[in-house]
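Take a look at these structures.
Common to both upcoming complexes is chain A, partnered first by chain B, then by chain C.
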Partner chain A sequence: MIAAFLQAVVNGALAGSVLALPALGFNTVYAVLRFPNFAVAGLATIGAYAGWVANALWGWPAPAAILAAFVAGGAAGALCDAAALKPLRPLGALAAAIGSVALNIVLENAVRFAFGNNPRGYDLPVFRDWRFGAIGIGPQEVEDAAIALLAMAAVFLLLRTTRIGKAMRAVSDNATLAESKGIDPVRVAWAANILGLGLCGIGGMLVALDTSLDPLTGFRVLLSIFAAAVVGGLGSIPGAVAGAFVVGIGEELSTLVVAPTYRTAMGFLAILIVLSFRPRGLLGERAY
Partner chain B sequence: MSLLAAAGVVCGYGAADEILHGADLAVRPGELVAIIGPNGAGKSTLLKAIAGMLRLKRGTICFDGRPIERTSAGERARMGIVFVPQEANVFPTMTVSENLEMGGFLEPRQARQKIAVLSERFPVLGEKRRAAARTLSGGQRQVLAMAMALMVGPRLLLLDEPSAGLAPLAADKLFATIGAIHREGTAIAMVEQNALSALAIADRGVVLVDGRAARTGPAHAMAEDPEVRRLFLGG
Partner chain C sequence: MRVTVSRRSALAGSLALPFLARTGFAANAIPLGAINPLTGAGGAYGPSMAKVAEALVARINRTGGVLGRPIALDVEDDQTNPTVGVEAAHKLIDVGKVVAIVGTWASAVTTAVAPLCWQSRTMLFTVSGADSITRLPHHGYIIRTQPNTHLQSGRAAGFLLQHESKRVFGLSAQTPFAVDSWSRLKEVLAKGGATGIGDIIYDPKQTSFRSEIDKALAAKPDTLFLNSYAPDLEILLRETYQAGFNGKRFTFAYAATDAVLKALPAGVTNGLWSFAPSPDVTSPAYKAVQAILGISDPDPYSCQIYDHVALVALAIAKAGVASGVAIHDNVRKISQGPGQKVSDPVAGLKLLAAGKEINYDGASGPCHFTPIGDILNCKFLFQVVENQHNKTLFIS
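Up next, the complex of A and B:
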C-alpha cells in the first residue's frame, strides 16, 4: 500500500511537471491579456505534431524537436490570437474566452485535416523502467520532467532579468500605468502570446511523448491545465507550477481509490477544495 | 508661451457622461500649478485627459505648441508628459528597483545611474530596493511613484492628489519634495484636496468648479482670497 502510494506520488510529480508547462503558458497569457485562452489545447496538439514532424519525418533529435514544438505553438498561437481573438477582447473576457473555444475546434480539425486521425509515434528509443525497490520510474518521464523544469527555469529567468519579461510583469500588475510609462501593450501582448503559447506547444509534445499523439492529445489534458491554473491562481506564474503539481499528484492518488476513468474529475475536486479555502487560488493572482 | 495649453476640454468616462464641460488649463515652462476645487469638479479627470487616458469629446490640448489630443498615452509619455495617478501608481508585485526601472522604460540606458541618484535622494528607496512595492507604506509608495516619474526627466509632471491618505508628517515631506522638484525647473500640474499646502508651494492656482476653470491667479493671492478660503479652504 505504501509502495503504491509512493508510486502514485512519483508518477503524479512527473505528470505535474509536464502539466506545469501548458498551465504556465495559460497563466502567462491570462496575466497579460486578462482572458482564459482555451485554444491552448489545440496549440499543444500543434506543438506535439510539429515536434513529431521534426523528429519522425526530418530525423531531428529530441531537444531540437522540442524547440520546433515551441516555435510552432508560439507562432500559430500568436498569429491566431491576432486574427481571431484580439478583435474580441474589447468586448470583454467572456467574448474572447468563447472565441478561444471556437478557435480550439478550428485548430483541432486543421490538425485532423493535415495528419489524419491515426495515432503517431515519435522516433525515440523505448527504455525499461528504473527500479528503486518497489517503485518504478520511466526514463522518458524523467527526461520530460527535466525538460519541463528547464523550460520553467528559463521562463522565470526571462521574467526576472529581461526588459520584455519585466514589461510583461508590469502590464500584468497594472496595464494602464504600464502604458503611461511608455510600455507598448501591443508588443507585450505578442511577447506573452509567443512565450505562453510556445510553452503550450512544448507541453503538448511532452504530453504526447508520455501518452499518445493524435488530434485530441491537447484536448485530453485541457481540463487538467485549466484546473492547475485555477488551483494555483489565475494569472499567477508560480501558481501555475504549484497548481500543476497539486492536480498531477491528486489525479494519480485518486487512482488508488477510484477507477482511473474518474481521473480528470480530480481536477475539479482540487478546484473545489482549494477555492473553498483560498478563493483566489493557492498563490492568488500575483503574477510573479 | 505655454508649455501646456488645454482649452475647452469636454470629456467623461462613459458615452453619456460628461464631467468636464469646457475646462481650460495652461502651464508655463517650469511653473507649478495647483488645481483645487470641490469633490466631483473634474480635477482628476482633467489630468487624465491631459495624460491621454481619456478621449476628448471636444476641445484641444497643445504641448509645446503642437496639438496632442489625438495621441496615445504612450506617445505623450515619450514627449515628456508624465502622469502620477492617485492610486495604483506603482507595480505592486515588482520590487522597488524594478518599479524605478519601469518608470525609466523609455530611457533604459540611463536607468542604472538614475536609480543610484534617486536612491540617494530618497534613501528609503535605496533601503527597500529589493522589497515588493505592495509592502511599502502609503507615504513610501507616493515617494516611489514620484521617483518613477523622475526616472525619465519629465517636462511636465501631472500629480493627482499626491498627499491623499498620508499622515500629516508624510504629506509635509511630500510637499517639500514636490517643491524641490519644481525648483529644479520641472513644470508641474498638481491636483490637491489639501488646498492650502498645495497653494503654499505653487506659483499659480486654478479653481475648478463643475468641470470648468472658475478662476485662476497667483497662488499666494488665492490662498488669501476670502471667497476661495470660504469655499475650499474651510474658513
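Up next, the complex of A and C:
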C-alpha cells in the first residue's frame, strides 16, 4: 500500500512537472495581457512538431530540438497574437479568450494540413525504468522533469534580474502606472508572448515525448493546463508550477481509491476543493 | 409580385447549397451520405474509406447510374467524435435527404447516429464492432459488415490459447465494446484452461497510463490484451516497455497502424500481435479496391465501405425505388438469396435490370446478415510486428 502510494506520488510529480511548463506559459501571458489564451494547446503542438522536424528530420540532438520548439512556439504565438488576438483585446478578455479558442482550432488544422494525421516519433531511444525496490521511475520522465525545472529557473531569473523581466512584472502589477513610467506596453506584450508561448512550445515537445505526437497532442492537455493555472492562481508564475503539481499528484493519488477511468474527474474534484477554500487559487493572482 | 423567404427556408437553402454545388445534378440524383473518420483517432482510415466510396459511386454513375439516376455522394468528417457525427447525420438526413449513410467507423459515433437513422427510415451501413449497436431497437435499419465483438473476441481468445497464454490482463479504452469484448475473451479463455485475471478500463484521452500499467503488472500477467485505438496504444506500448514488461501483447490491427509502429523504436514494438477481420483477398471486388487505392493491401474498412455502396445501389435497383425503406426491404434479397453470384456491383446492376436475381459477395467477404444486421461469418488476419512492420502470420 505504501509502495503504491509512493509510486502514485512519483508518477504524479513527473506528470506535474511536464504540465508545469505550458501552465507557466499560460500564466505568463495572462499576467501581462489579462486574458486566458487557449491557443496554448495549438502552440504546444507546433512546438512539438518543430522539435520533431529538428530531431527526426534534421538529426539535431534533443537539447537543440527543445530550443527549436521554444523558438517555433514563441514566434508562431507572438505573430498569431499580433494578427488575430491583439485587435480583440480592446473588446474585453472574453472576446480575446473566444478568439483564442478559434485560433487554436485554426492552428491545430494547419498542423494537420502540413503533417497529416498519423502519429510521429522522435529519433530518441526509449529506456526501461530504474527500479528502487517496488518503485519505478522512468529516465525519460526524469529528464523531462529536469528540463522543465531548468526552464522554470530560467524564467524566474529572467523576471527577477533583467530589464524586460522587471518591465513585465510592472505591467502585470499595474499596467497604467507602468506605462506612465515609460514602459512600452507593446514591447512588453511581445516579450510576454514570445516567452510564455515559447514555454508552451517546449511543454508541447515534452508532452509529445511522453505520449504521442499528432495534431491533437496539445489539445489533450489543454484542460489540465487550464486547471493547473486556475488552481495555482490565474496569472501567478509560481502558482502555475504549484497548480501543475497539485493536478498531477491529485489525479494519480485518486487512482488508489477509484477506478482509473475516473482519474480526470477526480483531478477536477481536487480543483473544486482547492477553489472552495482559496477562490483566487493557491498563490493568488499576483504574478510573482 | 413580392416573394417572401422565411428565415428557416433561407437557412435550409443555404445549408443545402454545398450539396447542390458539389453534385451539380441534385434534381434527379439519389442522395447518399457517408460519415467517415477523416480526422481524429480513426484518421488513418477515413480518407481511404471516402476515396473508395467516391470512386465506386463515380464508376456506377459513369455506367448509367441506378434506375437511370446518378448517385450523389456527400462525405462528412465525424472527427471520430460522436457529437460531430450527430451534426453530420442531421445535415445529411434533414437537409440532404439521403437514403442511406455508409461507413460510420467508431462504435461511439455509430451508436449516436443510429437513432437518427432509424427514426427517419434511413439505412445505416457501419464498420463498427460493438455488440450493443445491433441490439439497439433499429427495426432493421442497421447493416454491419464488421464482425461483432462476440465473434472477434472469441477468435482473439482462441489465438491466445493457441499461443499458450495463461494469465491475460486487459487494458481497454473506454468504448461501447470494452465490457462485452473482455467478458467474451474471459469466457473463451476459461474454457481453454487460461484465466482473464483482470481488466482496467481507461480514459483514452489521458496522456499517461502509468498507474493503470502499474496495477496491471502487479497482477503478474503473461499477456496483455490491449483493447486500444492508435494514439493510446502508442503510449501503452511505450510505457509497458519502460515499466519492464517482457510478456506477450495482443491488440487490434486498427490500433497497430504503420504510423504507430514507425513512431516507436523497433525494440518496443517487436513481437506485438494484432488481428483484424480479413477482407476476401480472392474476390474481384477486393482487387477493385486495390486498384482504387493503388495499394496491394487495402484495410478492411475500405473494403467494407465498397460493399456498403454496392449494397445500397443493388438494393435500390432491386426495389425499383430509391428510399431508405426500399433498401431496408431489399438488401438481403440481393446479398444472400439464391441468385447468381456477383462481385462487381455494375455487373449486378445489369443483371437486375435484365430481371435476374443476384447474390452479391463483396470485397469484405460474403455479405450474409442475421435478422438484426450482424455479419454471419468472416475470415481473420493475424499478424506480428517485426522491425516496425506488421508481418502476416496467417488468415483463417
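Assume the second predicted complex is superposed on the first by the 286 of 288 C-alpha atoms of A that agree within 3 Å, B and C clash if a C-alpha of one lies under 4 Å from a C-alpha of the other, contacts with A are read in each partner's own complex, and residues count from 1 in each chain.
The rule we apply is simple: contacts are C-beta pairs under 8 Å (C-beta built on N, C-alpha and C of every residue); 3 or more make two chains touch, one makes a residue touch a chain.
Values in this document were obtained by computation on a predicted structure and should not be read as measured data.
**Student:** Kindly say whether there is room for both chain B and chain C on chain A in the superposition, answering fit or clash.
**Tutor:** After superposition on chain A, chain B vs chain C: fit, no clash.
**Student:** Pick one for A:Arg163: touches chain B only (first), chain C only (second), both, or neither.
**Tutor:** It touches chain B, and chain C stays clear.
**Student:** Between the C-alpha centres of chain B and chain C, what angle is subtended at chain A's, in steps of 10°?
**Tutor:** 140
**Student:** So which one touches more of the residues on chain A, chain B or chain C?
**Tutor:** C
**Student:** Report for A:Phe26: first if it touches chain B alone, second if chain C alone, otherwise both or neither.
**Tutor:** The answer is neither, since A:Phe26 touches no partner chain.
**Student:** Of the two partner chains, chain B (first) and chain C (second), which one does A:Phe226 touch, if any: first, second, both, or neither?
**Tutor:** neither
**Student:** Now for A:Phe245: first (chain B), second (chain C), both, or neither, which partner does it touch?
**Tutor:** Neither partner.
**Student:** Touching A:Ala178, do we find chain B (first), chain C (second), both, or neither?
**Tutor:** first
**Student:** Using the touch definition from the top, say if A:Tyr49 reaches chain B (first), chain C (second), both or neither.
**Tutor:** neither
**Student:** Between chain B and chain C, report the minimum C-alpha distance in the superposition, expressed in whole angstrom.
**Tutor:** 36
**Student:** Which chain A residues contact chain B in one complex and chain C in the other?
**Tutor:** none
**Student:** Which of the residues in chain A end up touching chain C in this complex?
**Tutor:** 4, 7-8, 11, 15, 112, 117-121, 125-129, 131, 136, 138, 140, 207, 210-216, 220-221, 224, 252, 255, 259-261, 263-264
**Student:** Give the list of chain C residues in touch with chain A in this complex.
**Tutor:** Residues 39-40, 43-44, 174, 200-203, 205-212, 214-215, 230-231, 234-235, 238, 241-244, 257, 259-260, 262-265, 267-268.
**Student:** Contact residues on chain B for chain A in the complex?
**Tutor:** Its residues touching chain A are 51-53, 72-74, 77-78, 82-83, 85, 88-94, 98, 101-103, 105-106, 108, 148, 152.
**Student:** Report the residues of chain A in contact with chain B in the complex, numbered from low to high.
**Tutor:** For this pair, the touching residues of chain A are 163, 166-167, 169-170, 173-174, 176-184, 286-288.
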